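Every chain is named by a letter (A, B, C and D) in the order it is written, and numbering of its residues begins at 1.
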Amino acid sequence: MNKRFDPSIVGFFCNWCTYLAADLAGTSRMKYAPNVRVVRTMCSGRVDPQMILWAFRHGADGVLIGGCHPGDCHYQEGNYKALRRITLLRTMLPQFGIEPERLRLEWISASEGERLRDVVNEFTEQIRRLGPLRKEAAPTAAMAA
Amino acid sequence: MRLESENPLTLSNNGSSRIGFYVCHCGTNIAGVVDVQALAEYAAKLPGVVVSREYKYMCSDPGQELIQQDIKGNRLNRIVVASCSPHLHEQTFRTATAKGGLNPFYFHMVNIREHVSWVHEDRTRATQKAKALVRAAIQRVSFHKPLERKRVPIHPDVLILGGGIAGIHAALTMADAGKHVYLVERDPTIGGHMAKFDKTFPTLDCAACILTPKMSMVRAHPNITLWTYSEVTHVEGYVGNFKVKVKRKPRYIHEELCTGCLACVDACVYKDARYPDEFNLGLGKRKPIYIPFAQATPLVVLIDPETCIQFKSGKCKKTCVEACAERRAIDFEQREETKEIEVGTIILSTGFQVFDAKRIPNYGYGIYPNVYTALEIERLINASGPTAGEVVLRDGRKPQTVGIIHCVGSRDENTNRWCSRVCCMYSLKLAHLLKEHTGAEVYNFYIDIRTPGKGFEEFYDRLLKEGVHFIRGRVAEVTDWAMTPDEEGKLVIRAEDTLAGFVRRVPVDLVVLSVGLEGHADAEDVRRTFNITCSTEGFFLERHPKLAPVDTFTDGIFLAGCCQGPKDIPDTVAQAGAAAAQCMALIDRGYMEIEPNTAWIEEELCSGCHVCIAMCPYTAIHFDAQKKVAVLNEALCKGCGTCVAACPSGAAQQNLFRDEQLFAEVEGVLV
Amino acid sequence: MTTYSYYPGCSLKGTGKAYEESLLAVCGALGVELKELEDWNCCGATAYMAVEELSAFALAGRNLALAEQDPVDLLAPCSACYLVLNKTQRYVAEYPEIRQKVEQALKAAGLTYRGTAKIRHPLDVLVNDIGLKAISGKITKPLRGLRVVPYYGCQIVRPYATFDSQTHPVAMDQLLKATGAEVVKYPLKTRCCGGSQTGTLPEVGLRLAYILLKEAHKRGGDVLATVCPLCQFNLEGYQDKLASEYDDFVPMPVLYFTQLLGLALGLPAKQLGLRRSLVPSEPILARRNLHAA
Amino acid sequence: MTAIKQMMKYEADRDKEFAHWVTGVVGAEKIRQCIQCGMCSATCPLSIYMDYTPRRLIHLAREGFKQEVLGSFAIWLCASCYSCTVECPKQIKVTDVMYALKRRAIQEGAYPKRLPIPVLAREFYKMVRGHGRITEGRLVFNLFLKTNLLKMLGMTRLGLGLLRTGRFSFFKESIKHRKELGALLDAVKSSKEVAA
């Protein structure tokens, strides 16, 4: 590759843990890859599979969802529901020609700034290795709807 | 309606949005990395943007003025500010928006400081990311709807968990202000660690003398319900009305009947105390029926079923019962009971535990009898302690030389990373007291002496004058093998005298381990019960290290004392006062405004599939049998949005996080 | 019958012969089969690793590559070998630059490395695999009344003690108790013997040996038990010199823990290489009425 | 009477290349985090003989005072017992740092002349290169020829003792695949040249 592929990744971060972890990483001035663009939701349970497909559809090479550790959900069990949905969706992704590795769910608590940095860097590298998501692979609006 | 449109922007922005965009330099915090100029120019070209400005400090008054004037001057109907984390200034800008005459929820915030300028170095790529986030916000904000904040009433009663100096001070502060306080303590008495201390640094006033009066005030106060020997088992609800279950462990004594005369203790079939007593950390002995210490509050005895003959064999003469006579306070049948209370606010003041010195075997704790922890020494030199203040070692000797080892279980990647903050000062205090009590030669082994407090450095200076030795070096080991005659029969401390530049062996009679502070072993359970966050160290996490040091991320729950991090008594008391003030601010206002991010269900779209009903953790959704649709009770909804994500027909929607808002945002970060 | 791959290391073929003899004898008696690693080479040795790190990693790497071809655990009785082999495995895993060089070197020798070998010390195997119960069941001549000083030395526990405490190991204490011997409380059990120094800086190495032996004697030890040929050599080899330099020095036999275990199992002195001692243990054994078969 | 020597240092006395090099050494990743607590020195059984304690070497090295570090006798006293590495509260692998300093000192010929260390290394290498194993007896014997080691030890009696007990064998220990082993060691050497 002559020019290094710079993936664009959408991050759906839970307002109570992963989003705060990102804030903490900031206040601690940790440095990490700028590829993940964060969309804040109140709970990882709010992340709708269609939103994820929509992201792939509109040019995301990867999607990272950050929720609270099991048992720590601010809304009791939203993260478990996220887990179930994501697991299901991952099994469907190949049908759209999308490698399941492009979708990841991570538990990152508000105090785990370092972990956030590492996950973002590591995931960015993984997506970089996978290369850009072939546009024709992306689900059409119809599929997403 | 969801995704027919390829581009929500066109769908939304039929010229109706007039967006004002503002990027904050935050001094150089943002401008140093992100090209704010370029960002403003970029935003100006985005559809719907009428005004696009960059300003040094948007959160400053002039910054906010700017927004208000533009709303009026340019008939803006949407506001986007790119600055710091919404957790910091979202409120500020919503207020500004409202002052400008717009509904505050027409505002949206972009985090380009914590999430961009502070974490990226490459100016170009950072700016590129900032642009994407800004574009997303601008697309999103067009879909914003005017909203009203929900108000929840605040129940005037308060729960305080933990009866150490923090809990005691917070309880008295609020009780004196006329609030009703439930003070719940796990041990049989309140007082916490402070009750165990001999003197307090740097003033050396006696801990008991300043604490016990406050303890009895708690006991006597009409506005305080004191439940010792009790634990919180369950918490539900949210700010304003928490429902709390408290487990009251049986002490086999009817608290209200016991007068604390201790006749039963004297009468116990065990003529002398023979079981290690918890309050004196096993240095003293107690009977199966006992009070923790003379000023225990409440002054009510309790029975330890583990050691009481009646419980073990059922065949005791029960001389205690005889002694108690017609008061009949003793009840071997007493069962654990559960109380249910409602409170509007909660203060956690659960304190700390000291580092377990056994975790560093090289220091010989539990191996050599004359190695003590600092807390044990507090009891040993305490006039009301097991030796009545006489410093006699476990082997009966009196120490002529003492070595105090600092940073035991602190500043160490292998145990606890943090500085425990109080050890330097309490080590100095113990050095002074031990010298005073025994006239011994005292050696301090330290890495750095940290005395950042009022009168602390002066106290250090006093110790230097008193001729206490200070050897700068972390101790490697405490052993009992002698190299020289004068080391025979002594404990030998091996450390580098880093200021001299060579290693020294110092023989001593008594080793004091200045153990660090750490979160309680069960802090994790408490955290989950109350649904708050722990930092990785096992201390509870404050909402903001500087601007919200006693708040948690859960509204209505506050922190006081060492459960939030190591701190000394003055800081603990100050923090307890702050937490009390926070509670009272809520109580006196009587209500709290909460984010209007609740969900609702559009009847006409609902297919009545029941999916959302199963999803809701708060049973806020029920099924209307007539209309055959799901109905959401807004009062119960906490706004997680799980039902929205699950709804197959798009009937469930969430304020501030509507599908079109999020889809627009997602598309925005990507386009 | 449990089987292990066996990596003697150079010392067990030379100054540590008695260690090899007693180890093989004990394993035989306990039904443990040792297959000597085919064509093993020098582990790379700490002294050498200090000055030629990469070559040392490569040398150790070859042994590991050879060992991997057999799924059974690899037994390394010499503490130095035990450390070097373990360290190599860890560092190759931790540091890509080292991995790349080692793999490249092994390729030149027609070998591949996966890092799957499990390196064990005989002490670990005897206590945790064979088990104290099984062993005490086979004790025929308990070492009653013999006061043994358990000396672990450094490299068996540091920094890769996976089977025991790095500061206060107890495995050998338990094993020796099982032989019926009286185990002396010895705070210096993991203090370095200075072995790697005696060769180049005698006064230093000797001083460390002196400190250990003096304290062992002060605590009433009859013999000192070691798990490492280098310690054994350093603590035993220079005792006449120590005697001439320190007037309060009292000689003390230094035996391998396998030799003591062998005695308790009733194995003949010859099989245990007792006669290879420079400081004979027979007198003290006799005084405690423990005549080797 | 001893000559008066200037102890004060100028910024120009710092060798920044050296300081940079040491932070890149395997095991020294956290050397900048050292808080100079002296645990390494205190736990070191040989620090009693050291001119500069390990703690001081760590600081001198990261500050780039190369002469002091490479000239110090302490680095040659390290007996590889790993106490410092295990105990360091900042998890600096001090033993590895000591190794690196030894290697650097040898490279720059800055080792105390009384030490046969390079000779030992060379002989050791020759023997391993040639036979794959060390025949202790021979190694010592060769050293005896090359240095005055045994005389220095004054331990000819020990040699006899070992002979008597059959622990001092002259029989050459050797492996089968010597050629492959040679290739292996050469590969390392060349790879190092590449690195250099």
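The rule we apply is simple: a contact is a pair of C-beta atoms (placed from the backbone, for glycine too) under 8 Å apart; a residue touches a chain by one contact, two chains touch by 3 or more.
Nothing here was measured: the structure is a model prediction, and the numbers come from that model.
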Task: Between B-C and C-D, the pair with more C-beta contacts - done: C-D
Open item on the list: Can you tell me which chain is nearest the middle of the complex, judged by mean CA position?
Closed with: B
Task: Geometric centre distance via CA averages, chain D-chain C, whole Å - done: 23
- [ ] Between chain B and chain C, tell me the centre distance in angstrom, where each centre is the average of that chain's C-alpha atoms.
- [x] 50
Open item on the list: For chain B versus chain D, what separation do you get between their C-alpha means, in angstrom?
Closed with: 50
Task: Multi-chain contact residues (two or more partners), chain B - done: 362
Task: Contacts with 2+ other chains: residues of chain D - done: 83
TODO: Going by the contact rule at the top, pick out the chain B residues touching chain C in the complex.
DONE: 361-362, 479-481, 483
Open item on the list: Going by the contact rule set out above, which residues of chain D touch chain B in the complex?
Closed with: 35-39, 41-44, 47-48, 52-53, 55-56, 83, 87, 89-91
Open item on the list: Under the stated contact criterion, what part of chain C meets chain B in this complex?
Closed with: 165, 167-168, 187-188, 211, 215, 218
TODO: Sort out for me which residues of chain A touch chain B in the complex.
DONE: 6, 8, 10, 16-17, 19-20, 22-23, 25-27, 29-32, 34, 37-43, 45-51, 54-55, 58-60, 71-72, 74-78, 81, 85, 109-112, 117, 141, 144-145
Open item on the list: Help me check something: in the complex, which residues belonging to chain B touch chain A?
Closed with: 2-4, 6, 85-87, 111, 113-116, 118-122, 125-126, 128-129, 132-133, 136, 528, 531, 533-536, 541, 545, 553-554, 597, 615, 617-618, 638-642, 644-646, 654, 657, 659, 662-663, 665-667, 669-671
